[in-house]
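Each of the two complexes below includes subunit A, the first together with subunit B, the second together with subunit C.
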Partner chain A sequence: MNNSTQTLNPFDKLLDLTCFTPLGLLSLLVLAILPMVPPFNQEYLIRWLISAAFIASMAIAFDFTAGLINIVNFGYCAIMGLGAYTSAILVERLGLSPWLGMLAGGLAAAGMGLMIGMITLRLRGIFAACLAWFFGLALMGLATKLVWLTRGPMGMRVDRLFDTPSNVPFYYLLLAMMVIIYITCKWVTRTHMGVAFMAIGQNMEAARTSGIDPVFYRVSNFVLSCAIGGVLGGFYAHYYGILTPDIMHTSKTVEVLAVAYIGGRGSLWGGAAIAFPFIFAMELIRSSLSDLPGINLVLYGLLLIMVMIYYPGGFAQFFNTYFRQTGNKMASYLFNGVAADTK
Partner chain B sequence: MFQMIQKSFWEQVRKFNSLAGISIIITIVVALAATIDRGGYLLVNTIVTGGMLALVSMGLALTLGVLNIPMFAHGEFFMIGTLVGYYVFNAISAYVGSHPESSLVFWGPMLTIVAAMIIGAVAGVITELLIFRQLRKRSRENWVMNAFLLTVGLSVVLVNGHQLFFGADFKGIVGYYSGPSLAIMDVYISRDRVFALIVAAVVVALFWFFMTYTRTGRAIRAVSQDETGALIVGIGLNGILMLTMSLSCALAAIAGAGLLFMYPSYPSIGLEPLYMAWFVVILAGLGNVLGAVMCSFMVALLKVLTIEYIGSGWDFVVPSILIILILIFKPSGIFGSEVRGVLDK
Partner chain C sequence: MIVLETKELTKRFGGLTAVNAVSMHINEGDIVGLIGPNGAGKTTLVNAIAGLNPPTSGEVITFGQKTTGLTPEKMCRKGLSRTFQIPIPFPKMTVLQNVMTAAIFGNRPGVIKDHAAHSRKMLEFVDFPIHEDTVSEQLNTVQLKRLDLARALASNPKLLFLDELASGLSEGELKDMMELILKIRDHGVTILMIEHIMQLIMNLCNRLVCIQFGTKIAEGTTEEVANDPKVTKAYLGGSGNTEAAAA
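Take a look at the complex of A and B:
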């Protein structure tokens, strides 16, 4: 839409560099000041915010694989759990600093991603998803059975990252991580790599014919997505302070998957945008209808089904159709920013 | 007809010098060796688990092959089977308690299975009409992935619907048939296991006969090979798709009701059969129904041996690693063909 020869003012340049639209930046600011606004400054609401931000970050990284190269990494939470356990074990047994532990978790997860990426190379679509799923099952089984290392289902005690009872610093750290993850993923999609990813996701044969090497791109996509998952897993371990193999369960992956797809596949920001209202609605339904256990999950399954049948593009497509095409100049700037392909 | 059966039998035998044949022979040898090492109950366990697994994974293979749906909610139809089995059998045993002479003592469990089958089939029809037909009407592009995500949502709804309406507690029965275990050459088999085995054998045989020798079965196979071609020769596609869906759900429900004495009904009971059925289907090659029967016994043997020699809890780790290894060298599965279908996309 916009040509880059036009000179941008510094604010727009910054926005362009960080891949945010004015609205995106605004919502980020709202999220940043939310823990100080009265109804949200209670501990349990901050905990909801953290879990929403966590799901949002996971959804971004998940969408990086699922939306771009069109392979559902169905063992994603198991890889996140691998990162969490690596970090926790290094910190608890070797006395490493939690920050280094998180990085190590990311490295371990990246290694796993490299392995899964290499193995699923020959497989496509649903085969690859299943193979990643079986990897996840095997990892979860290992975490349950290697009791001497992980203490199995009894749970492993982990030191928290910050030595305070308050959850606010965790929230800001996670928010910063979310922004960094978003910018990283968005930067990658802007380079020629992102174009290659999308080509592979849409039609692998055609991509191969036009000279794109699927081996390199698929594996590097997996590695990046899994590495982010591992770092997030490290955060999870040092935030909750207790780690059980349950976090590797398929149902957790399903949660991330639902958020990513309801948000809109391939958009990266859709999942993050939808995660906050979604998690809050779920928690509200659960706490207000506590005599009907499971109703929130029934509703969320129904929502996933509805979105898949009637609106496969998810929230991102809805937003792009009804908000971005507006004629109002002010609103258009708010929703689109100056550069066209940003959040 | 006898000649036809004989012919197809010899065709099967000729395949034996392929990978499929080798793996079947290895399975049989390993099963015999383990039986000699640890006793006959291993073999019995393998056959009972494998038989029921065959029912679940046949249904899964059918939905994959005919409807092109990677069904993630298949375990939930197993769960529906256990639920129906629990309520029907409790009603029957209450009646039997007051009328001990009635013939329901013998026929009750079979009635339970039939009830589960009918409810499972109805559930399959409802699923097809309400969900998959709607999706099919709207889009066929990227069908496999969309259908997969739909079934994920369906699974969440069914699991939590069970919790919402029936509670999260264990709903189990003591057993279908009381009485002493049967003894065959020093191996004691409880009557329930024999019953489950007979049910599995009869259903697999009936199903195989249905798929091979009836017009409807041939139509289903035709649709699985080429949808457009099937339409051209005058096969009603919608009817076949609905029938297939209800058939595969009914198979899963039969397995659920048949194994009620081992697996009490609770919301997430379907997860384990689902994992196992996916192992089988991937191992057999997607959509291969007869291969799925053979592979069920292989996976069941693998599971039983893992529990016996390594310990319980490892039965997800070892089979999944083994299957990953097999898939690395043979991506299309043991019985799979190299032909690329819609599922590869």
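Take a look at the complex of A and C:
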């Protein structure tokens, strides 16, 4: 809540509008110039940056459901995959532009979110999570089996968004998408709808007796979060250029979940902030320990357990307790900005 | 005027009949006490009326309309609020946000212009002792109950259910709570309170309903019910409550 009524200077106003703290904006600038600075200007490191920005974006939208209304969407990457396949098929078969394809992917995923939201309405968190997971498995099964449509595990070739061998334009597009996703989600949390999300996520009975209709809010939350996943899926398809069903695997969702939870449930920004160092660390580990496949999943598990035990609020909680409470005026401004609830 | 009436209201959990054909009514302006030994079915009865646990059979008539089985959010908009026996509001929200939730969603759109100001008024009304920016998971049970009360009042109810609001209070706090409940009644809110503390019941309620094993065993003015041998026996026998029995 920002109840300061004094007029803000234009810079602070912009920060307030975009829900960024000065530090958040600074990090964003760093991310923006990184591809021009050695060693990050090498293609393989730009690919890592894209992976990180992708997981970061997914984590924000995943946390929008898991952190706010407290339902873990275990089928999230399958829904992202649905967006990817929808876009790929429309573009390859019907000659749609990839941009429209991404939009269509978002719509398809939103439709799926609507369906899952409706079906899981009466269910408590854990059962809703399981059902979303089953939906994800079914979607992945379809993508594998409908070979005539998706070419199954052989992989489907997809046109890339930009007709250049360089990945840099993809990185900037994704970075912009990440910022838009963050601002959209954060904006929603500032509205009455956001209050309703938090209320039904924290105490369903008290929320309902306070007059909140959980049906509407739960479904809206699912639809928005899935739509974002679908658009990101469209991006994925037209970035990699080849689509296989294993992007829909539960282990991909677990990766997003790990980043979102370690970043801090319900913070929205936490997952995005740690995704970059985290994905780089994981890639380094993966390339140096290539004789131990799956080691990254073990590490996710261990890290998650540690976070759950020591810092259930994740990195965001850590940051809030050790940095935001600082007495130093400059630092406090840097970490908090003018509105205390922002990135 | 009758604001609430139940007819043969029954709630079964599998084989257990927690509320058995209870018919009762509440008049406007009443403070009705709902009493009975532990496990008698008081909370279940209140949940069945308020919509949290819809009744198996029977009828509920609220403000002259049939409201059997309506959802809690619909009942809230109709002007029914309730507090919880074990209050767990929204743990990660601040005190103010907790109350604002009901201020925003418990009233018809447009009725309340400034939700924060309205919520502050509610906190002031219940004399909430802690700063409004405190995260509510840091409060103790007594504070949480008061917060829950402010939340329940924020939707401007005409009928208010209080589930053991006063349990765990010290002697002095009990006096404050009694005054507060009277103050709420004087603002035109009809009250149904589940309570074990005899001192509170005898001082506040003008009518009592007593249930035992889910069945209503007495209903009437406070004196009538308090002196009813069936009621005394219910409290003394078996699952009796020492506080009540001593009174």
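Please note the rule applied: the second predicted complex is superposed on the first by the 333 of 343 C-alpha atoms of A that agree within 3 Å, B and C clash if a C-alpha of one lies under 4 Å from a C-alpha of the other, contacts with A are read in each partner's own complex, and residues count from 1 in each chain.
One rule holds for everything that comes next: a residue touches a chain if its C-beta (ideal position, glycine included) is under 8 Å from a C-beta of that chain, and two chains touch if they have at least 3 such contacts.
No experiment lies behind these values; they were computed from the predicted model shown.
Undergrad: For A:Pro165, select first, second, both or neither according to whether it touches subunit B, subunit C, the two together, or no partner.
TA: In the superposition, A:Pro165 contacts neither subunit B nor subunit C.
Undergrad: After superposition on the shared chain, which partner residues are touched by A:Leu257: those of subunit B (first), subunit C (second), both, or neither?
TA: It touches subunit B, and subunit C stays clear.
Undergrad: With both complexes overlaid on chain A, does A:Tyr310 touch subunit B (first), subunit C (second), both or neither?
TA: first
Undergrad: Does subunit C touch more residues of subunit A than subunit B does, or is it the other way round?
TA: Residues of subunit A touched, subunit B against subunit C: more for B.
Undergrad: Now for A:Gly266: first (subunit B), second (subunit C), both, or neither, which partner does it touch?
TA: Touch partner of A:Gly266: subunit C, not subunit B.
Undergrad: Looking at A:Ile212, would you say it contacts subunit B, subunit C, both, or neither? Reply first, second, both or neither.
TA: In the superposition, A:Ile212 touches subunit C alone.
Undergrad: By the touch definition at the top of the document, which applies to A:Met198: first (subunit B), second (subunit C), both, or neither?
TA: After superposition on chain A, A:Met198 lies in contact with subunit C alone.
Undergrad: Let me check the overlay on chain A: which residues of subunit A are in contact with subunit B and also with subunit C?
TA: Looking at subunit A, the two contact sets are disjoint.
Undergrad: Which bits of subunit C are touching subunit A when the two form their complex?
TA: 50-52, 71-73, 75-77, 81-82, 84, 88-94, 96-97, 100-102, 104-107, 116, 148, 151-152, 154-155
Undergrad: Any idea which subunit A residues touch subunit B in the complex?
TA: Counting only subunit A, the residues touching subunit B are 70, 72, 119, 122-127, 129-131, 133-135, 137-138, 140-142, 144-145, 250, 254, 257-258, 261, 292-295, 297-298, 300-305, 308-310, 312.
Undergrad: Which subunit A residues qualify as touching subunit C in the complex?
TA: Residues 1, 3, 192, 195-196, 198-199, 202-203, 205-214, 266 of subunit A touch subunit C in their complex.
Undergrad: Looking at the complex, which residues from subunit B come into contact with subunit A?
TA: 70, 131, 134-135, 138-139, 142, 144-146, 148-150, 152-161, 163-164, 168, 267, 271, 275, 278-279, 282, 286, 311, 313-314, 316-317, 320-321, 323-324, 327-328, 331, 343-345
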